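Written out below as structure tokens is the structure these notes cover.
Chain lettering (A, B and C) follows the sequence in which the chains are written, and residue indices restart at 1 in each chain.
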């Protein structure tokens, strides 16, 4: 067996240190495991249950409790709750990831430009961001949905716009702090170009808190998507989504509690997994913040 | 000579952190007489602040006094209940901290912060009497009494340290622990603050334990000196003993060598090579052995015994053969 | 009178914000695909009817003209009438707002009253059972969707145990559950924020100074630590208030509270532009005012904040 040579901690690079601290964090690793499990289940959903089961109504089998045939039971139309949750997760999770990606990239571009160029660019961009920020993000999303109508991608767009200001501000402030750091100034004195400074010095050093915030926001976004689904905005029945599943079974939950418990726990565990990862990353990037 | 005010004997203090145990003080003994000015000199991390905090029993939670004794006016402080310490802190023993920028509460006016000492220790005074004392004290440290309603952020660093001094001395304590009171300040302000401390100390006849890494300051201000290295006192004596240049500990020699001498035509300073030993492992011999130019085999194995000549004491194996009769 | 000047300045600064936000919304909402008139009149309306309605609603005019005339009306406090419900937007809003504000304020107060003491206590007794308990509760509340918690609590406490009324605003007991559900998220952030902030503060040098003066542990916490640790907590309250008003939409939906939430959801589903527009403007102003109040409170606690500059 090959023996792994263990380097002393003092020889670790920053990235390796972050990874080392992250892997030592048990809750974070649990979060990773939970998140991977959920993602995997959702990805291989067609192998477990055919999509047919999601929409196929089977009145004869309506409101059946959990059994080997219907793992999570059936709803009042006789649809398999397990299949609906499995496929619903695709919307809940993948849309949330898309929202974070959109908000992250646009926020980084806006904030990065504002922070790096400063002056008029900064003023104009930040004014717009402030404007967006002064409207509560839930209301902004609703207004956009009013304009665009229902639809999965429209929902993604509506929710991501509300998240852009947060990322833009964060990227801007970290760029500004780093821009004034001595080592960046030193790099500039050596005649290294702006773009290179940005990519080689500012990006790796400022990315930590932004990744942390993106992860923690992901949890909040999963919750907002399902809230919108619950209110019937964005995604509408019969398309399954974790929030819509709960709302369509609302009247039956009292007598058939499994209809509320299973989808709720799915949302909760997923969000919890994401939050564990986020907290773990925060402590790994900044061990001083750990109390 | 008067009685010892503070007697520290063989004090061992350690910090139990998550990763390791850090041995901060390894058998420190120290005497301080009433009205005496003792300078405690050493590098950053030598355990100077730990010693001062131990006297007040204000070590952070991870800090632990493992063994030893601290007696104040003959009373063993380590056996006293917390309530006894509450009456001692700020009333009989005051402390000035290193960084005036962070040692004042940002949301309370400076007047309130000074008066708090009176509220705590002199509850019998009327409100008017307290306010008058605060005004007097502020004027004494060179701040107009009219500024007492202002907040710390409205003062400069030197002014803040004056406020801290006012806070420490308003109760006319018997002992003042001054932990690097001027390190965070400009050189010109340093001189002012030290002059102020000297003047107030004489006025109230307060004993001072001045913690510093600045030998110049010690030579100017103190009566006696103790040099601390890696949690051990390596040399102590009167200012004359230490600065006479006779029979110094190699570490003290090194420290004195770090002061540039303008009278000589020299190009270079003489730094002490190496770093202080890792405090996570207890040294078996002399803590300075690894950096000492005169180190012998014995130095790495045995803790040196005290070599005393009158008021002067050195802990070094170099003087073993001078120790007559042992 | 610095604060009054500051407040006025901030209120004036809200005006350009509203103008811009309205414009952005106007552009977004005018992008609405599909024919509004057809939607209002139904599938079997004739082309003439649609054209007539479009003309009546002013939808045949260019965007900018519509925007300017909307703003001119808005200055005279005329926010138009609903396209689908035929009610005056401002009137309906002012009828419904008190419910929303009441539930939101109750929720925030509940979160502060319970969360801040819990957070401070768990910081002081770090690593105690209370601390671990609080951390666990915070973790749960942050991962639970409010609508799910609300639905489940409603079923359990109102339908099964019958302790509380299921819905409506008939008596004060109706507000208990909505307050708790709406405040749950803020409660979690209050506990977390005050705990972190307290832990930061008790490490500060001035806390050591306070102890060196002879303060007991209790006096140090009461006279020195709490006020300092509240500063970031108050800022957090401001951030959470906006979220709470957004969350009120869901809570009102669950408990059938006649606040702006239910009006807004119907308007979004029916693509009732004047109602959505009006609501967003009003809420933005309200949130702006709340943030102003929060900043004033911050300045009251923290003397380092200078309102004049």
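The criterion applied here is as follows: a contact is a pair of C-beta atoms (placed from the backbone, for glycine too) under 8 Å apart; a residue touches a chain by one contact, two chains touch by 3 or more.
What you see is a predicted model, and the numbers here were worked out from it, not measured in a lab.
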Query - Top-ranked pair of chains - ranking by C-beta pairs in contact - result: A-C
Query raised in the report: Measuring centre to centre, with centres taken as mean CA positions, what chain is farthest from subunit C?
Result: B
Report summary line: Between subunit A and subunit B, the Cα-mean centres are separated in Å by 53
Query raised in the report: Between subunit A and subunit C, what's the gap in Å when you average each chain's C-alpha atoms?
Result: 22
Query raised in the report: Hey, what residues on subunit A touch two or more of the other chains?
Result: none
Report summary line: Residues in subunit B with touches to at least two other chains are numbered none
Report summary line: Among subunit C residues, those touching two or more other chains are none
Query raised in the report: If you look only at subunit C, which of its residues touch subunit B in the complex?
Result: 204-206, 208-216, 219, 223-224, 227-228, 231, 301-304
Report task. Can you check the complex and tell me which residues of subunit B touch subunit C? Result -> 56, 58, 82, 86-91, 94-95, 97, 99, 102-109, 116-117, 120-121, 151, 153, 164, 167
Query - subunit C to subunit A touching residues, read off their complex - result: 17, 20-21, 24-25, 28-34, 123, 126, 139-140, 142-148, 151-152, 155, 159-160, 195-196, 199, 242-243, 245-247, 249-250, 253, 264-265, 267-269, 271-273, 276-277, 279-280, 283-284, 287-288
**Report entry** Contacting residues of subunit A [partner subunit C, same complex]
**Finding:** 130-132, 134-140, 142-149, 219, 223, 226-227, 230-233, 243, 246-247, 250, 253-254, 257, 260, 263-264, 267-269, 271-272, 275, 291
